[in-house]
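Each of the two complexes below includes chain A, the first together with chain B, the second together with chain C.
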Partner chain A sequence: MKALILLSSLGVIALLAEIFSFKKLLYPIVLLGLITTFVLNMFDWDTNKLYFKMMQFDNYAVAFTAVILVVAFLWFIMAEGFFKEESNLTDHFALVLFALVGAVMMVSYTNMAMLFLGIEILSIPMYILAGSNKTDVSSNEAAFKYLIMGAFATGFLLFGIALVYGATGSFDLSEIAAAVSGGTALSSIFYVGVLLMLVGMAFKVSAAPFHFWAPDVYQGAPTVVTAFMATIVKTAAFAAFLRLFSTTFSGVSETWMQTVWVMAALTLLVGNITAVMQTSTKRMLAYSSVAHAGYMLLALLAANNYSNSAILYYASAYSIGSIATFAIVNIISDAKNSDGVDAFNGLSKTNPMLAIVMTIALLSLAGIPPTAGFFAKYFIFTSAFMAGNIGLVLIAIIASLIGVYYYFRLIIAMYFKESDGQTIAVESNHKIVLVIIAIAIVALGLFPDYIIGLL
Partner chain B sequence: MSAIQTIPLEWYLLLSTVLFTIGVLGVLFRRNAIIIFMSIELMLNAVNLLLVAFSSYLSDSKGQVFVFFIMAVAAAEVAVGLAILMMVYRNTNSSDINTLNKLKW
Partner chain C sequence: MITTYLFYLLSFLAIMFALMVVFSKNPIHSVLYLVLAFFTIAGHYVLLNAQFLAAVHIIVYAGAIMVLFLFVIMLLNLNKETEPHKSVWLKASAAVASGSLLVVLVGSLKGAAGIQSAKTFDASIGLIENLGQTLFNDFLLPFEVSSILLLSAMVGAVMLGKKSIK
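Let's turn to the complex of A and B:
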């Protein structure tokens, strides 16, 4: 709750900065505010407080909030250039901070109303941010598609919520869970409601066959906004998905298990195979982010006491790796005016530091030891294996082998192709953060117990 | 017995489902951006109708409170949506979504 209050006040402060003209101070204020929020959030650990039966800050919520805040901090540093245009500076800050408020609500809700509001508070700023490059038609198109698809998915989610409410008479997660396990037969509209909510959530996490909006939006939006969508939005959406289906709807798992099984298999194959065919790195990373949603669905499907920590670890490993790759893609595409794979040719000669960080991040996304991504996949596969989804684990292993191919294509371009010889200037704070991220990826891979034992 | 309950619950369910389906089909098949927005509104209002009907039949006010949330959020969404549409219109001089075809694989 402390995190929620602080983030909301930071958002208001960002809006006030326009009126009282302390815009120059806003960037350090927000960074300090995020650190404070992170520390105060940690005080909620083990308190398990329930607020008005609407949100509960149990360890699950606190851990995911912490991941979101760390990633947001890294994002703010890599996105510094996004906060430099004079005209919309405070709006950008406020929108991002309010989106974070939505993300925190999505990991801590215990009531359908809070789930709905959290999703919308997160999504509406993202629609605007996706279109923040106002004169660029692809940015416009991304914003428009994101808005239409987001609102469409919300419609399905709400229809599902309404049907579940009609069958159980409640929006409260624990009351619904009690009605599910109560023994009295539920009317058939309840099961339709669960499936409609599944469709709505699958849209939000971009699981196939509801993923088609994601590559377009990720490619068209400004790269920094794409990085935000691929990391923070995805983490929050998965946390919300898991919170809903692993507890409340676990009593009716036979209604949705089959569907999620097919969805996970499709997401893994479609995401990885389509990523192979991309020439734009941004679009390739978008498909890879679809594929990563498939791995996380595996843990959701396992629904054992292992899957919470598996998803937490996967989300942090994936987010940190993605932040680094998107930051570097942003630097390269700004310098060379192209986000094609060719733009990376010979990067190891011109900017060895960028090439090394990019390699570590890509190895982590591909799941090569000793990076964090390897253990993330290992834990996911273990939890799926323990739940007996052996077929799906096989599909996932094949899919990650395909994944290795397109991640390595970038690495090969960086190390074995000739460059055009120009060194790209990188700001020193970006350099520091990228090195920290690279160390963090390896450290998470070497000491996975610190996160995996939390939940 | 309130006025809402003079009509059986199944009929509300049927009406909402039909309205929702019309909305879904509108989003999928219409090419004009404004009509797509209207279709999305239709989907959300079908949900509102259903929530009010359930709320009345369950004698429980929570459903109607939820409707206010949906209305407020839908208003915010339309405000943002129309702003985005204006921005698109300035760049393409059209509200036909077929002009938005720059992003393809």
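Let's turn to the complex of A and C:
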């Protein structure tokens, strides 16, 4: 709740900056505000407070809020350039902060109304930010596609919520759970409602076959916005997905288990195999982000007491790795005007620091020890094994082997190809944050207990 | 008894107008049929004792949003037929997907016959007083939070709409 209030007021302060002209101060204010929010959010740990019967800040919500805030902090530093354009600066700040409010709601809701509002508050700023590069046609296309497809998916979600409400008479998650386990036979519209909500949520996490928007939107949107979508939006959407299906709908798991099984397998294969064929790094990372949703679906499917912490760990490892890769893709595509794999040729000679951080981040995304990504996959696979989904784990292992191939294509380009000799200037704050991220990836991999033991 | 007949009449009209929205070639006709469809749905709201919702529905959807639609269509000059034809595969897969959804929905609604309302009948349930009580007691937080949703949509509209100052 503290996070919700603070982030909303930060967003309003960002808007006021235009009137009272303290735009120059806004960047440090927002960074400070995020740190304060993080600290205050931590005070909610173990309190398990229920606010207005609408939001519950249990440890699950606090932990996911913390991950979102840390990633948002790193994102703000990598995206500094996005907040330099004088005329739209305050709007960008406000929209991003409001999106974070939506993300916080999505990890802590206990009521379908809050879930819907959270998803919309997160999505609408994203639709707009995807089109924030107004002169670029592909940015416009990304915003338009995202808006139309997102609105369509929201329609499914709302229809699902309406049917669930019709069958149980409540929006409250605990009351719905009580109705599910109540013994009296549920009306058949309840099951359709669950499946329609599944469609809506699967769209938000870009799981196949609802992933078709992701590559176009991720590629067309400005790279910093893509980084936000691939990390914070995905983390929040998965937290919401898990909160809904692991507790409330766990009583009717036979309705959605098989569907999610097929979706997870499809997502893993489609995401990884299509990523191999991409020449644009941004598009490749988009497909890899689809594939990572597949791994997280594995833990969702397992629905045992490992899945919460497995998804928390996976989301943090994946988000931090993605922030680093997108930051570097952004730096390089700005300098070379191309986001193809060729743009990375010989990076280890011209910018060894960038190359090393990129390598660590890619190794983490590919799941090579001792990086965070390895343990993330390990925990996910363990949780799926415990639930007996051995077939799916096999598919996931094959898929991650395919993943290693395309991540290594970039690493090979950086180390074994000739460069054009152009050294790319990197701002010092980017350098610092990239080094911190690289250390964090390795540290998370060496000491996974600190996160995995939380939930 | 009369409500049953009204229900079937309104449902028939709503479905017919909705189909006309999809099938009419001229976008302006589509929008006008949509207005009619909204009116029939407002009629359903009245049948369900949601008078306030019916009024708001007509004012907001049939009034404001549809006028906006008409303006946009006229500004874009869409009244000639420019829509490109989709491939047969796309059409077939869309038909299969939406057909299966239809089957699932119809099948599930057959099982919905046994649903009984938990509350006893109350003719004033759709009036503003009851709505306000619910909105400001049970749903206070979502009500307040939706201001952020509207604010961000507004900021976004301004941001996309304004010229960048050089």
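Everything that follows uses one rule, which is that the second predicted complex is superposed on the first by the 455 of 455 C-alpha atoms of A that agree within 3 Å, B and C clash if a C-alpha of one lies under 4 Å from a C-alpha of the other, contacts with A are read in each partner's own complex, and residues count from 1 in each chain.
Criterion: a residue touches a chain if its C-beta (ideal position, glycine included) is under 8 Å from a C-beta of that chain, and two chains touch if they have at least 3 such contacts.
Since this is a predicted model, take the numbers as computed values, not measurements.
Q: Let me test your reading of the model: by the given contact rule, A:M54 touches which partner, first (chain B), second (chain C), both or neither?
A: Once the two structures are laid over each other on A, A:M54 reaches chain C alone.
Q: With both complexes overlaid on chain A, does A:S188 touch chain B (first), chain C (second), both or neither?
A: So A:S188 only meets chain C here.
Q: If you stack the two complexes on chain A, which partner ends up touching A:K134: first (chain B), second (chain C), both, or neither?
A: both
Q: Does the superposition put A:G169 against chain B (first), chain C (second), both, or neither?
A: Touch status of A:G169: both partners.
Q: So, does A:P352 touch the first partner chain B, the second partner chain C, both, or neither?
A: neither
Q: Looking at A:M105 after the superposition, I want to know if it touches chain B, chain C, both of them or none. Which is it: first, second, both, neither?
A: A:M105: touches chain C, not chain B.
Q: Looking at A:G388 after the superposition, I want to know if it touches chain B, chain C, both of them or none. Which is it: first, second, both, neither?
A: The answer is neither, since A:G388 touches no partner chain.
Q: Indicate the residue numbers of chain A shared between its chain B interface and its chain C interface, in ascending order.
A: Of chain A, residues 113, 117, 120, 124, 127-128, 131, 134, 163, 166, 169, 189 contact chain B in one complex and chain C in the other.
Q: Which of the residues in chain A end up touching chain B in this complex?
A: 112-113, 116-117, 120, 124, 127-128, 131, 134-135, 137-138, 140-145, 147-148, 151-152, 154-155, 158-159, 161-163, 165-166, 169-171, 189, 215-216, 219-220, 274, 277-278, 283
Q: Taking the touch rule as given, give the residues of chain A at its contact with chain C in the complex, in rising order.
A: Within the complex, chain A touches chain C at residues 4, 8, 11-12, 15, 51-55, 85-88, 91-92, 94-95, 98-99, 101-102, 105, 111, 113-114, 117, 120-121, 124-125, 127-128, 131-132, 134, 163, 166-167, 169, 187-189, 191-192, 195.
Q: Which bits of chain B are touching chain A when the two form their complex?
A: Touch list, chain B to chain A: 13, 16, 20, 23-24, 27, 33, 36, 40, 43-44, 46-47, 50-51, 54, 58, 60, 62-63, 65-66, 69-70, 73, 76-77, 80-81, 83-85, 87-88, 91-92, 97, 100-105.
Q: Name, in rising order, each residue of chain C that touches chain A in their complex.
A: 104-105, 107-112, 114-115, 118, 138-142, 145-146, 148-149, 151-153, 155-156, 158-160, 162, 164-166
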